[in-house]
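Heads up, the next two complexes both have chain A, just with different partners, chain B and then chain C.
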Partner chain A sequence: MKSYLLPEYILERDYARCNKCKICIEQCTYAVHRYDAINDAVHSRSENCTNCQRCVVFCPTHAITIRRNPNSYRENYNWTQEAILAVKEEAETGGIIITGMGCDKPGLTYWDKLLLNASQVTNPSIDPLREPIELRTYLGKKNDRLNFETNGGEAVLETELAPQLCLETPILFAAMSYGATNLNVHESLARAATECGTYFNSGEGGLHPSLYKYGDHIIVQVASGRFGVHPAYLNIGAAIEIKIGQGAKPGIGGHLPGEKVSEEIARTRMIPTGTDALSPAPHHDIYSIEDLRQLICALKEATEYSKPIAVKIAAVHNSAAIASGMVRADADIIVIDGFRGSTGAAPKIIRDNVGIPIELALASVDQRLRDEGIRNKISIIASGGIRNSADVVKAIALGADAVYIGTAALVAMGCTLCQKCYTGRCPWGITTTDPQISKRINPEIASQRLVNLLRAWSLEIKEMLGGMGINAIESLRGNRLQLRGVGLTESELRVIGVKMAGD
Partner chain B sequence: MKQTDFHIRGRSVDSFETPFQLRVKNGLAIVDAEGTCYRDLNALLRKLNSNGIKKAELYNVYGQRYIGTSLNGNMKIEIYGTPGNDLGAFMNGAKISVYGNVQDGCGNTMNDGLIVVHGHAGDLAGYSMRKGKIFIRDDVGYRAGIHMKESQNIRPFMVIGGSSRAFLGEYMAGGVILVLGLNSHEERHRAKFVGAGMHGGVIYVHGEITNLSKEVKVVDIDKSDVRLIRSLIKEFCDYFNFNFDEIMSRKFTKIVPVSHRPYGRLYSHYAHARQCCNVLLNME
Partner chain C sequence: MRNIREVNNPYGDDKVIDSCSLFGMMNVKGKRFPSKDPVRAISNMRERGNGLGGGFAIYGIYPQYRDAYALHIMYLDKETKKETEEYLKETFRVLLQEEIPTREAKVWNPPLVWRYFVEPKNSTIKAKNQTADDYVVENVMKINAKKKAFVFSSGKDMGVFKGVGFPEDVAEYFCLEEYEGYMWICHGRFPTNTPGWWGGAQPFNILDWSVAHNGELSSYGANRCYLEMHGYKCAMQTDTEVLAYTFDLLVRKHKIPIPLVAKILAPSLWDEIEFMNSSQSFILTALRQTYSSLLMNGPFSIIVAHQGEMIGLTDRIKLRPMSAAINDDFLYLSSEEAAIHIVSPTLDRMWNPAGGEVIVGSLESPKALEIPTIVKYARGT
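Presenting the complex of A and B:
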């Protein structure tokens, strides 16, 4: 069948600058560039280009420019080019359109409509360069009250504390599985988490034994496929996360395609090499809050109550009620992954239409738990669409204890959001399990980039906190007076729980 | 609370408070579990295990969950009564015999070991087990063997003496399920949607299955299958005192997945990639 799809990008080469070094040919994993020996020139097939910018960055003479293909259908606000192309692609293939990364549609980011406060005259701001500002965060159940007894004039804590995760900065690396990404990416994240005193989430594909040494800074994930879940895996992590859903594809499962299941990944996931790794939408032992409690208790039994158990859900319409149930189910941490959360592969129609933005879900969950007087019994991690340190600060002011960053961490390592993760050919070496392409991520360098990112964000967070006159991140948590909304309707302001700017 | 001393080979090794009636002698612990919480029971089992107790007999077990969770080593546990859900979850090598029925999730995500059930099992028996063996004398509930996996030479086995309910071997990615169809009054199994989403492993069934899902097919049994079935039935008969020859004389059907990539065709980019490749090939 003749394909009617338009090429998305035009690749232009400045032949005066091109010195035919062929680096672009080596760097492109989609076979865009090729050398024409007869004419001694390098040519390009624009139609294969995903606009990942790999060749542009690596071209020593800056001879390459990538532009959006100016060819377009007649302008139509209803039938956009994207809508028309989607119909054509489905008509040609009969298959679901898959995409990578988070939702790219405008108008659903509330962070940009929330503004932070700063101290002026009536309360002094703090200079973080001179005064300590505390970012350390503990995740886990907090007791209603603490009992002490005196022992020879010394106060001794009588109450048994629930296990906690200690973060030096309220930012964790989100779950990205071994299989969706490769060992180099996992190692970079694990090293950076260890160096920064935070945590990296293994994702649902198990953990390669070579990373067990970073176990104190790893949250291990248990998803419906139970890939790579065994007692050693559960015990090596600092915490266990039960994955119910993710923001990019609430309500549906995941299929890691067989091409990505190499021998090493198969061994770690405990499945045969080359088979699809199927993670169904539900855990088949969890059909209710009571069942969730059962898995939480089983995991606690398996680890002798030594570590917190997190439960990750996608932000959906009844998140607040579910969160309340999770507290009763004895979870220690709830992870809410918002509408703009990222993924290696999701049906585009699901990614762009299912779920709700994290800002709204977070605000309603925090409010619900406060109303019920159980907010202290669980910590909240917000996730899905955190782009910078201001988003972190706004999330914490809305009620989060900490945030997960996934896309931001990948961007730090090289990702350019070309949204083609599902091909398994990531030119930046991130979402590929091809041993040659994976080498493009050097854990030594990539972890340094991640450490730098967290350092920069932590400094920025301290600046913002100091400006508000707050010297500990704990005092910001759920402190919605530090937020004001702009361009929001009455009901949006009500759900988010903030006042209009100027009010 | 009762103070209990451990005596192993005449040597006192430990003592601690326990809510149980407990007797320990020559490496055998006899426990009365009546009215106790699973948390205490599991803590006790771990304690016994780490103190080198080789075998524990648990009496009056009434629905305590998670018994044997994550238990290492090759300790033997005999359970008299009805253990609760998730018996042997994440278990790592222990051997459990149950004289009674088990409830849901028996052998959930089991890593290694053996569970022998002298009775029925509830739903989800052997959920995602990847090594070890489960023998169930009578019937199992829904979704038995769901997500069973194998990798390299590691393979789990589940033998069901009676019949199964719907979704037997759902999402199965490896391992072996053998359904003997004993104690059945009908020739036909009531299980529907057998092997839904199955993409690895094998199911052997005696008796007719009328409702196979589209992801699986029936193939002929060869010599290696007979060897495997024979060894499993042998073990089954050893545990439950059935007549080996009688069971071996039965006819078995072999059910395997059609593909180990059942859902590849769902997505447009596979079709598209093929098309692009053709275009590329034509251009070259």
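Presenting the complex of A and C:
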């Protein structure tokens, strides 16, 4: 069948600049560039280009420019180019359109409509270069109260405390599985988390034994496929996360194609080499809240109540009700993954239409738990669509204890959001398990980029906190008076729980 | 109808902001003394107020009614007074009721202020299975909700006198030279975003807890959410109220020793905690984890008093001033050293406590002048 699809991008080469070094050919994993020996020239197949910018960055003579294909259908606000191309693609393949990364549609980001406060006159702002500003955050169940026995000038704490995760900055690396990514990516994240005093989430594909030494800074995930879950795995992590859902594809399972399941990945996941790794949509042992409670309890038993248990859900319409159930099911940490949450592969129609923005879900979950007087019994991690340190600050002011970053971490390592993760051919070496391409991530360098990112964000967070006159991050948590909304309707302001700017 | 909440925060700002002068003076042997020194000291810090609020909490003031709750109540009109008095008769045994004596002074638009010595009816609190204290708190909140009445104070053997004017004028108005007490907490106010009203002056009181406060909490939103989760209604929208409820929750309900309460409001830095011995760092970490939402962030200095104890505390980086001094049996706390010097030219000791360092003066301390600032910690079993 003749394909009617249009190439998305046009690759232009400045032949005056091109010195035929062939680096572009070597770097491109989609076979865009080819050498024409007869004419001694490098040519390109634009239709293969994903606009990942790998060749552009590595071209020593800056000879390459990639432009959006100027060919387009007649303008139509309803039948956009994207809508027309999607129909054509499905008509040609008969299959679901798969994509990578988070939803890229406009108009669903509330962070940009929230503005932060700063001190003027009545309380001094604090200069983080001169005074300490504390970002340390503890995640886990907190007691309602502490009981002290006083005994001749000594105070003895009688209350038993729940296990906690200690973060030096309120940012963790989100779950990205071994299989979706490769060992070099995992090692980079683990090393950066260790150096920064935070945590990296293993994702649902188990943990390679070579990373066990970073266990104190790893959250191990238990998902519906139960890949790589065994006693040593559960016990090596600082915490365990039960993955119920994911913001990019709420209600949908996962599918790691057999081609990506190399020998090492197969061993780690405890499945045969080359077989598809299918994560069912639900956990087939969790069909109700009491089943979740049993799994939480089983994991606590397996680890002798020594570590917090997190439960990750996608932000959906009734997140607040589910969250309150999760507290009662004895979870220690709740992770809410918003509409913008990213993925290695998801049906595009699901990614772009199912779930709700993290800002709204977070605000309603925090409010519900406060109304029920149980907010202290659980920590909240907001996830999905955190792009910069201001998003982090706004999330904490809306009620999060900390945030997960996935996309931002990948971007730090090289990702350009070309959204082709599902091909397994990531030219930046991130979402690929091909041993050759994976080498493009050097854990030494990639972890340094991650450490730098967290350092920069932490400094920025301190500047924003200091501006508000706050010198410990906990005083920002749920402090919505530090936020104002712009361009929001009355009901949006009500749900987010902030006043209009100027009010 | 004028709603107290609207009077207190007429423009619906996030909260009421003010700046202030504080002075506390306590005889740690419990010997009562007159108003001369405290009034002189607080009026010496006139620059820190603007005549829109002044007040005094005096402890040991009503020895003849030591066991009764002394309610100081202000009314905006006689109608409300009548209603409230009927309500008091229904809910309490009223031992004595009288108008608080006043005289002409430079105060603004004074309301009626009466005092009542009351006892909860035994049968009522038994039936409700409440402590007398909780019963009083509940009814004070109910009276305050009436909009035209406001309870200045509700403790035993203590009373709050406050109003709109400079503190010395408020003292003049309420004839404070007629009273003696062993502990005086004084306040001069500079409201930032309100015209000032009598109920909004300080000290703020509930039961025998009084708080005089200077500062602005940047953490107000977080603190308030936590207290609301524990059933407190922050109707006044002031930092002072948040501080008072915090003390009520931590000291009265959770029974946390005062030095540890200070470590919740103004905790040591994590870097400092790490270098403490293991039991200290264990306890301070537990406190910060559990009560993180009660960290009072941003500038504050407070004098908190209850029967037999006067507590001084500043925020952990001391963005508001507080000096302390001891002379014979007297403990002084003040926003400015000068106010102490003017009433006591010679002093045994004068110092400026570090940010977050708590000063506690106590009648119960066997050696009155030894100020216990910190207890030892031990790891729980």
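The criterion applied here is as follows: the second predicted complex is superposed on the first by the 499 of 503 C-alpha atoms of A that agree within 3 Å, B and C clash if a C-alpha of one lies under 4 Å from a C-alpha of the other, contacts with A are read in each partner's own complex, and residues count from 1 in each chain.
Assume contacts are C-beta pairs under 8 Å (C-beta built on N, C-alpha and C of every residue); 3 or more make two chains touch, one makes a residue touch a chain.
Everything quoted here is computed from the prediction, not taken from an experiment.
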Which of chain B and chain C A:Asp40 touches, first, second, both or neither: neither
Touched partner set for A:Glu89, first chain B, second chain C, both or neither: first
Partner chain(s) touched by A:Glu490 [first = chain B, second = chain C, both, neither]: neither
Which superposed partner A:Glu75 touches (first chain B, second chain C, both, neither): neither
Common interface residues of chain A - those touching chain B in one complex and chain C in the other: none
Parts of chain C lying in touch with chain A, wherever the complex brings them together: 12, 14-15, 17, 19, 192, 215-223, 225-226, 228-230, 253-257, 259-260, 267, 269-271, 282-283, 286-293, 295, 297-299, 316-317, 319, 372, 375-381
In the complex with chain C, residue positions of chain A that touch it: 119, 122-124, 126, 131-132, 134, 136, 138, 142-143, 145-148, 150-151, 153-161, 164, 370, 373, 375-376, 468-472, 474-482, 499, 503
For the chain B and chain A complex, residues of the former touching the latter: 38-39, 42-43, 46, 65-66, 69-70, 72, 85-86, 89-90, 92, 104-105, 108-109, 111, 124, 127-128, 130, 143, 146-147, 149-152, 154, 170-171, 173-174, 197, 199-200, 260-273, 275-276, 279-280, 283
Contacting residues of chain A [partner chain B, same complex]: 1, 3, 31, 45, 48, 89-90, 92-98, 224-227, 229-231, 234, 255, 257-258, 266-267, 269-278, 280, 284-285, 294, 297-298, 301-304, 422-423
